[in-house]
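Each structure below appears as structure tokens.
After this come two complexes, each holding subunit A, first together with subunit B and then together with subunit C.
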Partner chain A sequence: MFSTRKASLLFALIGVLGCDIALPAPLPVGHPADDTPRAGGTLRFASLGDVRSIDPARCNDGVSSSLVRFLFAALIEFDEQGKLVPELAERWEVLDGGTRFRFFIRQDVRFHDGSPLTAEDVKRSLERALHPDTPNPSASYFRNVVGYDLYADKKVPHLDGIEVEGSHLLSIRLTSPDAAFLPLLTLPPARPVCKSAGAQFADNWAPCGTGPFQLRDGGWSKGQFVRVVRNPMYFVPGLPHLDAIEMHFLMNPPTQRFKFEVGELDFVRDLTHADTIRFARDRRWQDAIARGPDLDVYGESMNTEMPPFDNVEVRRAVAAALDRKAFTAVRPLHLSVNTATLPQSMPGVDATFQGQTFDLEKALEHMRRAGYPFDPKTGQGGYPKTISYLVYPLGIHEKTGQLVQQQLSRIGIRIELRLVSWASYLSLSQRQGAVAISPQGWQQDFPDPSGVLDPLFSSTSINATESSNSAFYRNPALDSMLARAHTEFDPERRKDIYRTCNRILVEDAPWAFTTSLHSFEIRQPYLRGYTPHPVHSYNFARTWLDRSTTGTPSSLGPRR
Partner chain B sequence: MGRLFWALAVVFAVASASFFLLAALPGDPARIVAGPQARPADLVRVRKDLQLDRSIVARYGLFLKKLVHIAGDPKASEHASCERVIPLVRGYELHIDLGRSYQHRAPVAKVIFTRYPRSMALAIAGIVIQLLIGVTVGSIAAAKKGTWIDRFLTGITSLGVSAPTFLTAVLLQYLFAHRLRWLPLDGFGDTFLDHVRSIALPALTLGLYGAAYFARLTRDELITLMSQDFVRTARAKGTSRLRAFVVHGLRGALLPLVTAAGLELGSLAGGAAVTESIFRWPGLGHLGVEAVLNRDGPMVIGVVFVAASTVVMATAAIDIFGHWLHPLAREKSSE
Partner chain C sequence: MSFQQALRKHASLRWGIVLVSIVVLFSVAGPWLAPHDAFTSNPERAMTDALLPVGPSIEYPLGADRLFRDMFARLALGGRLSLLIGIAASAIAATVGGLVGIVSGYAAGKKGGSILDSSLMRLVDVGLSFPFLLLVMAIGALLDRTTVASLLVTLGVTGWLGTARIVRAKTLTIRDLDYVLAARALGQQQIVILWKHILPNVIGTLLVSATLSIGQMILAESVLSYLGVGLSPPTPTWGAMLYEGQDSYTLAPWLLACPAAAIVATVLGFNLFGEGLRDVLDPKG
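Entry: the complex of A and B
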């Protein structure tokens, strides 16, 4: 009979296929005792996402920003400690009280097509990226440059504020002093492009810049892969060590793990959560694991114009009622507790500042002061109406939203989860008068507090729709501090200003700050010289490959 | 002629419905294009760039006007997003214009027509495997009706129908690509041989899923047919069991099988989203899902238009072949 014997065979087969989840040992390193970088080899990694463009003028997603850095160098760049350092500019000066930035451009830099980099190229590249016909969504970041409005309205052919003062000398003039302007020059649109890019954006331009790698014909297959090869004319002697980098797109986490195990990928970040935990717990892999930078801050944004969050005591109650440790359990390897406005890895953040802390008694006291006393024993009292809470499917917030619902019920705030699409969530959660509370996140474009605090909490960021200040929070004292920070060029005094801003926001609680998100990076031990970067993902500028020619994963069959 | 009219009406209605449905959904496509952190001034620019600042009626009018048209000067800039369908006389051409994709910044028709043959290839390969497995298993089950073999095969087919493609796909990847290393884990490849090797696992995934349906269909049809009077008569006249099975049984089951295969082909050619995504097969399915998530309206409408047209064409083809395959219908038309 079929029944017992064949059924057990069938399940044994499924077991063999599906249940082999143990990790193999790491692939061997060629010369573990020798730290001398070795030239050559192709580094391969993959991403769950795709890139929309490799043109720095049209680059607004995380994956393409990292890729752009391989191909396009910037005037200045953040180093691995998050400090601004020269790159294409040998040095720079801040003049006229912070309204003029003068850059002394290196004379030994050549584009991938062999032509030398000049100040004219930098001006042309910036004008191309900021031209109104260029689909550059972050062009208005540069609106403080003199003449930007006239240029954006096509009333003048050039941006007056960008002045070529010599073949390798360039000045950028601003309408008002801005201590936060320099970090903008590390963004993709400010990276010089070859003359072949012309003065205006075109979709079919073959990317060409001054970065350590270059793109050759056939090097990019959309939705599949991009392969960049070493730029032999790169201006930093001895770099890069790698011959090429291959990045594969839209690759599923299980496929990434399968390829990583056999050495077909050298670096992974997008594994399933279960697989990430397996690697994190496996002692053999400990030296090959790194925590990436805190790129996103998360919190519960409370609309200060809508009841009950127009009452600061209710907002304080929410901030005190959330047990943030429970939030990190949703993604223990990727989420960290964050009790204030800025992620901990941002330079200058005061690590000793406690911020908003979990204290249920304090939260109940705030509810009492707000006029909504709640008795947790009887469940009587609290805010009388149910509040709608907007979430979108498949993200972290779908799960943390349930925690918010559960934890706020302990202080008498009843939450109803409302699941909408990602597009609807974005639109509704930032529309005036539409949503009382929603989860929000912010990914830093550059590690400067202005890049987080201005868009999220300045009253100048309030709009009827698409308001990045989703709490619709207005505080003249904070506005004045944020404006002062832009004109303060002394780093220590600037840090003090932002510490005061931080205290105001923690106290006023337009957001209940909860967590920050970081990546979890696993590399093959033979991928050497890798350090996570505080700003950029995939920091492969100084890495090299030292793969042993002997030794293959023992559990696998022959390669055909 | 009536059928052609209805086919065109169905395609038109589906394309129009998707146009209005997308416009009615909350959420701003410009926001998705510009990114969640874009500033209001940037959004205004993006909206203008995408023509989203125009009224829905104006956009629909433009969509209909451009959808299928005859171009007198094909090289004019207004035909930049067109795909040439048929060259006509005196330099005139019949064009399809599905607009420009917000995300790809390329003509929708061009992107779709690059991907369509790949989805079609995967669909055909999948159907072939479905039929090969399905008809074989179904025939054996019918021949061994009521025995443990029949029950075992019926059980296996239930498993095939129940197992989601993402599970089958990962198990196949694990076995054939990761452990045995016979086939690539995913991708499309560069050469024809690469394409053939790369299509094997996604086609097998689709094949195993759909084979269950064909197996059940074949089994049920064969069992019904084999108990018919004309088969019994043939057997009484001395026809062997095998011959009766193949000539009278399988031939009779051909019509429902072809009908089912045609409809399946139509739906698979529109894109098998999950399978294409797992195996990174660059077809229409993944393109469509990506377009919906990104609120890329022109691309969604384009994919729906092409998928609907394929189903309609497949249905029309079934009508014709069904007519030819069915003896009674053939006799009627010859009378």
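Entry: the complex of A and C
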């Protein structure tokens, strides 16, 4: 008889023969007792993805944004507490009831090419990034700047709303007060670029800015790596500590982990599920683990223009039928339950608000009210048609989609999963009238509720082919509250407005909110001075390397 | 030679039949014998304290998958699908390949037939110049929605090329044999000659070729699923299970080992069976 014990032994044998079960010990630190930063060394990490551009004017993905921050400083920036602080601007003023922002630019800043940074450079860089010929996906974020429409229609050569008031004094005027405008200036398109970039976007420009690192000739091999080196003219004294940063592209997670274990990479965050668990439960690595904030929100977006989700009761039924704990089991160390619009890490979120909760009885009651009563015992009733649900291969939604299918079948909503390419998924899920329900995620650009709620739920974000409002949700009451939040400068009153928006969206359920995602990062202990940033990935601004030159790392080192 | 004699004489036939029988039995009876439904997640019972799916146990004989479903039930259902696709696609390929091979071989060198033969064989040459899996993947990627029927068509229309070559060569030999010449001399119609005299003599070759290609078809279907252009979830396919298991092999090796073993056993089984069949039907070949 082939007993379970024998079967387990056989599988264990397969594991031992085929795999490296034990993690190696962390590599040694040179001066563990000394916290004084040491200059020098090259920090190496890798990414599963690639970058299409390092030009801030056309940067539109997470990996490029990280690289852009190494090379280009911003007027203002989020600090490690998520608070806006001066960077290239020494200070700023909010004038004329929130319609004018005046920036006092530092006088000691030089571009990588040695030329000084002036207010003219900031104006030129912004105009270059917002020019209608520039392939900038976030240009419309700045539509509140005075003269934007005329400039976007090429009727005027300059943006009237950006005024140079002195060599180092710049004002930006808005058509209406906007409390959420300042965070926009931390985005890549608002980061000043060298004069060599010119006034018009060109694809062949060699990236040059005012950031802590600079790109030299041969520093970027597309699809392979980018190597940026220390900017000796960086305006923050003593920084950066590192000589260089090397970022390798298109490296799959197992390869990243192997290279990390032998010290060929110093930092990893693209780990497989199993590797995440291995590091998380190995006591020797605990001090080297960092968990990032919840930056992404995930949910099931229901098209409010298509049956059956044009019926609010069906949407409420879906929101109540999803057992979100089961979703987190797919990647327990990355996903947490999220029952409302904003991730818990967002400032001002009411942690006591329950949001959409799992309640099967309530879900069945909503289905009854919608006119689709369902008897779980007999499987009779429910919505009579099968609903198509898009998933793309190899992503997290391929797994959570199967859970949606299982869980909605319990209330009489029959889902058919449709495996399509990533490009088809993107195009169909944002096209009007194309799909009734789709899995969606949104990564906030900055920690302000407007950065999530406006693109996802404002009716102004609806368009026929590339709608970020994938639920095609229109609610005039919500629209007016979102608009009011922009003109409200009192932080407490603003929070109240967004809390009301949150309640409306939970009740109206254009999305069934499910989870939020945070990063799980691991570094070799010799990479020091690192803390995860509340907004940005790869926060290496103040890190340094202190790698021991003695001792040979063992691949099966003793456990502490 | 009786069947028992053939089994005694040809080890590959023996082992092929054993392996294929095990796979068929497991695939047919497995879903009924499985203790759990193949499509229902049960994290309460199938997740360990370490947040991983449970390994092989009495309750879950082959462990649970990443969505905490029964691997035994899913593997067996995946087997049904693999067998169906492998056998049906091979049948399509054998039919098309056999037809093209016989027609081409019979027409070769004849007045007016050479053009037909050359055209068909150049078509085969073009098709064979593409690596099989690359061709299958390209067609798979073109189809916006993959279904069992579209998979069968994809594998069938790309898998007949080699068979056509083999059957043509066999037909070329047979058509010049005395009994075929005699039939022609007696004024029999060409279609009757092809049906009554050529086909029965190439059927053995065709059968062997089809059996050998079943393994290739199963492998091709697994590759498509592994690369994410196969059937939509939650349909269990061995290729997709293999992909899901690869990132957990250090902590949950059964996720990788089960579909891998199933694919190896099935492909090996059909290959051995096909080779054994060839030895029996064409001992001189």
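Keep in mind that, in the parts below, the second predicted complex is superposed on the first by the 536 of 560 C-alpha atoms of A that agree within 3 Å, B and C clash if a C-alpha of one lies under 4 Å from a C-alpha of the other, contacts with A are read in each partner's own complex, and residues count from 1 in each chain.
Keep in mind that, in the parts below, a residue touches a chain if its C-beta (ideal position, glycine included) is under 8 Å from a C-beta of that chain, and two chains touch if they have at least 3 such contacts.
A quick note: this is a predicted structure, and the numbers were derived from the prediction, not measured.
Q: Is A:Arg278 touching anything from subunit B or subunit C once the two structures are fitted on A? First, second, both or neither.
A: In the superposition, A:Arg278 contacts subunit C only.
Q: Could you tell me if A:Glu466 is touching subunit B, subunit C, both of them or neither one (first, second, both, neither)?
A: first
Q: Given the superposition on chain A, which partner contacts more residues in subunit A: subunit B or subunit C?
A: After superposition, B is the partner touching more of subunit A.
Q: Contacts for A:Ser424 in the overlay, against subunit B (first) and subunit C (second): which applies, first, second, both or neither?
A: In the superposition, A:Ser424 touches subunit B and subunit C alike.
Q: After the superposition on A, what does A:Ala329 contact: first (subunit B), second (subunit C), both or neither?
A: Once the two structures are laid over each other on A, A:Ala329 reaches subunit C alone.
Q: Give one of first, second, both or neither to describe whether A:Pro455 is in contact with subunit B, with subunit C, with both, or with none.
A: It touches subunit B, and subunit C stays clear.
Q: Which of the two partners, first being subunit B and second being subunit C, lies in contact with A:Gly401: first, second, both, or neither?
A: A:Gly401 contacts subunit C only, not subunit B.
Q: On the A-aligned overlay, A:Asp445 touches which partner chain: subunit B = first, subunit C = second, or both, or neither?
A: After superposition on chain A, A:Asp445 lies in contact with subunit B alone.
Q: Tell me the contact category for A:Pro254 with respect to subunit B and subunit C: first, second, both or neither.
A: both
Q: Quick one: is A:Asp203 in contact with subunit B, with subunit C, with both, or with neither? Answer first, second, both or neither.
A: first
Q: Can you pull the subunit A residues that subunit B and subunit C both touch?
A: Overlap of subunit B and subunit C footprints on subunit A: residues 14, 18, 20, 254, 420-421, 424.
Q: Which residues, counting only subunit B, touch subunit A once they are in their complex?
A: 25-29, 31-43, 45-46, 49, 103-106, 148-149, 151-152, 170-171, 173-175, 177-182, 185-188, 277-278, 280, 282, 286, 290, 293, 295
Q: In their shared complex, at which residues does subunit A touch subunit C?
A: 4, 7-8, 11-12, 14-15, 18-21, 253-254, 272-275, 277-278, 281, 325-326, 329-330, 332-333, 391, 393-394, 398-399, 401-403, 405-406, 416-421, 424
Q: If you look only at subunit A, which of its residues touch subunit B in the complex?
A: 1-3, 6, 14, 17-18, 20, 50, 52-53, 58, 60-61, 132, 135, 137-141, 143, 203, 222-224, 248, 250-252, 254-255, 258-259, 261-262, 264, 420-428, 442-443, 445, 455, 463, 465-466, 468, 556-560
Q: Residue numbers of subunit C touching subunit A in their complex, please.
A: 39-41, 43, 47, 50-52, 55-58, 61, 66-68, 141, 144-146, 227-234, 243, 247-254, 257
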